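Here the chain labels run A, B and C in written order, and each chain numbers its own residues starting at 1.
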Amino acid sequence: MREVAIIGIGQTPVGEHWTTSLRHLAFEAARNALRDANVDKVDAIYVGNMLSGEITGQEHLGALVADFLGLSGVEALKIEAACASGSAAVRVGTMAVASGMADIVLAMGVEKMTDTSGRETTAALAMAADAEYEVSQGVSFVALNALLMRRYMYEYGWQHRDFANFAVNAHTNGMNNPNAMFRFPVTPEAYERSPIISSPVGLLDASPVCDGAAAVILAPAEYARTLSPAPVLIKGSAIATAPLAIHDRPDPLVLEAAVLSAQRAYKMAGITPADVDFFELHDAFAIMAALSLEAAGFAERGKGVQMALDGEITREGRLPISTMGGLKARGHPVGATGVYQIVEAALQLRGLAGENQLARARLGMTQNIGGSGATIITHILESLA
Amino acid sequence: MDEQVKLMHSQRPVGIIGYGSYIPMYRLPNAEIARVWKGGGKGPVKEKAVAGLDEDSVTIAIEAARNALARAEIAPEQLRAVWVGSESPPYAVKPSSTIVAEALGATPYLLAADMEFACKAGTEALQAAMGLVGSGMGEYALAIGADTAQGRPGDALEYTAASGGTAFIVGPAEEALAVCQASLSYVTDTPDFWRRAHQVYPSHGGRFTGEPAYFHHILSAAGAMMEQLAMQPQEFTYVVFHQPNVKFPRRAAKRLGFTVEQLTPGLLSGEIGNTYAAAAITGFSAVLDIAQPGDRILVVSFGSGAGSDAFVWHVTEAITERRDKAPAVADYIRRRQEIDYALYTRYRGKLQM
Amino acid sequence: MEAKVAHDWRLRGQRYRLEGEVCEHCGAKIFPPRDICPHCHQPARKPQTFSGKGEVYTFSTVQSPPQGFERYVPYTVALVKLEEGPVVTAQLTDVAPQDVKIGMPVEMVTRRLYTQNDESTITYGYKFRPVLR
């Protein structure tokens, strides 16, 4: 198995792209990544996406993206794993390069969420959950996270306001990210006052519905340095799954798939959680940030919130998270999110994170959560510069 | 006519082996309707039961039937018929009874049909169930009356049209908690109340619904029944009439010679309104909740169009151990959430969306 | 919610009566049915109808509904731990959101889940309400 590196990254700003379609978003991010890698051909394209069929009425994204890039003929596929589709595309691309079946791979994610009404989009997002036994009961995706948050607060005695720093930190970091959707600060008071969407989840617990695309170019690490001045090694890469429905999980407050995928990624990378300099986690909801910190081994069970309260998650803290705004402030274009996390981690590792550049960024970790935790994908990245 | 022509007896004695009711928790006071429509005076009832957003005559029938099954203590597969009487079925075409039967776990070896006879659809189903069991075609049959009655906004009917349901499992008399001594039906073509196809709200004949309709049929059926059985009003512990309001059944009782004490335990319309196909039988259900072995009960329904079914029931020893196996009518009446007219229009689909 | 006739029909046993399974190997009660025991991974196909009694494990009141549930807002969804063991996702009904508590005893009722429009079928299924008595 060959080691795999990222030799190029690209992204579009995240937001409501009223004038840009799904295919053009995908094109823009892919072109940016190809330019960054200084390549014009790839052996394969893997497009992470969740909602194109439901929202745009467009499937078959592999062929579409290849066509729009002028690369028709190439191997190209859509990869779907709900909100973890983007990381899944990177994972598949990594496997392709690692196996030797491909040398240069474009792995990307794209999502266009604003072409339908809010309720249609809400219904589309719910497809990540169990259609027969969750969605049919009127459970929205927000509600699934709310069910977890309520139980978490009940079992560990936290108050809703204790989660505020997840939003505060994300918005602080998003302010300096030119590609972030929200570039304004929020205060703990604003967090507490924000309107309830699905109790106890408020507006400022939740990441926004938005459009965006991000892409990476993968190549064998052995000659990545000849292709890129600042390659980033994919030191660890792992997918794990858990029961689709929350009600089928033995312990709903443990993201078992996050535990498994983090452990596998640590093992592959030969590191421990203590070696990780920063963590781009899946803060689609504040509760997911807390559960992710716990599952990945950074906090004990029930103590993920404590890290936020203690300021350990800020750029100056013990474990900076959401360093470019995270899902909360950068935005959560679902099928693209995992690739945004990896692109942002690469920016940190290359020293190109601008105002948000971390003092120490040699080893970064990303974790992308599909559904309410049924698919969780962890990547560990290391600077090769 | 001699007795054998008028009275209906089954080939073998039958009775009720399980009964159960359901009343939705929402209540709309008459005063609230009067507030919106500037109605004067005291309304015909104090308040009426209103079904919630996720309820209809099928869901009401299912809960009433589950309560009846709990009291009957038979397996649902033992039912040979499920008959649902209602004037508010959720489908114009497609049986409510199949949904109810499936929900109970009674499918597939049974008869299932919906009955319609305005407010006596429930007792019509009951008569049919007695016939099925009484003839020996089946051992047990389920008869239900359930409605989510609608009155045109502002119309007199709106003050009373209510939601509720009651179910009976009919079986052999030796297993019954109340044995049917006899039944009798009295039917004429009397258009006092109707609803044409595709119409949301029914129409009615105003004061014509009184004397020639309600009173004529109730008094005729009850009178013929007592005459044929050579029984006097004082021989009954309780009497239950169809109850479109409070006034009509009181007047009927008085004219037939029944006392307030005999009538009141089964007169629920003041608290829950007119539950149409469920009205008389929910009153009967409330009486069974308090009846003692040996009690005799006269039940007379009325359905517009028009007709009355009369039944004489003898309560048996079985009542004492079975009635606590399911919630009583009083439990549902106590479970009360008052709503205003705005919420009522929302719950009952009167709000254009 | 789009009414899918065959899909809803296929699920009527589960939706109307909480029909699940019991594992003949380890005795685990399984709802929703999945034919393979999640505990011992042996085949589990013996039908078991659940009592419908349980308690609220967690809950949330939905203000921003998915398409198809607009007319019910606000409604409360919950994870209900059935007395036989499994947890089921379902709406709570006949209860005001502020009266719901974790640990509250509830019982199954059959109610309307959704209907697409005036021409489509009506989908009925389980919800839970505070125990009546």
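One rule holds in what follows: a residue touches a chain if its C-beta (ideal position, glycine included) is under 8 Å from a C-beta of that chain, and two chains touch if they have at least 3 such contacts.
What you are looking at is a predicted structure, and each value in this text was computed from that prediction instead of being measured.
Colleague: Could you tell me which chain's Cα centre is nearest to the average position of every protein Cα atom shown?
Modeller: C
Colleague: Report the pair of chains linked by the most C-beta pairs in contact.
Modeller: Ranked by C-beta contact count, first place goes to A-C.
Colleague: Which integer distance in Å separates the CA centroid of subunit A from that of subunit B?
Modeller: For subunit A versus subunit B, the centre distance works out to 59 Å.
Colleague: Hey, how far is the Cα centre of subunit A from the one of subunit C, in Å?
Modeller: 31
Colleague: Out of subunit C, which residues touch more than one other chain, so two or more?
Modeller: 70, 72, 91, 113
Colleague: Which stretch or stretches of subunit A touch subunit C in the complex?
Modeller: Against subunit C, subunit A makes touches at 117-120, 122-123, 126, 130, 132-140, 142-143, 146-148, 150-151, 154, 195-201, 243, 245-248, 252.
Colleague: Could you please specify the touching residues of subunit B with respect to subunit C in the complex?
Modeller: 25, 52-56, 58-59, 62-63, 90-91, 99, 102-105, 327, 331-332, 335, 337, 353
Colleague: Quick one: which bits of subunit C touch subunit A in the complex? Just the residue numbers, please.
Modeller: 1, 7, 11, 14, 32, 38, 57-70, 72, 75, 77-79, 86-91, 97, 102, 113-114, 123, 125
Colleague: So in the complex, the part of subunit C that touches subunit B is made up of which residues?
Modeller: 12, 16-17, 49, 70-72, 91, 93-94, 96, 109-113, 122, 124, 127, 132-133
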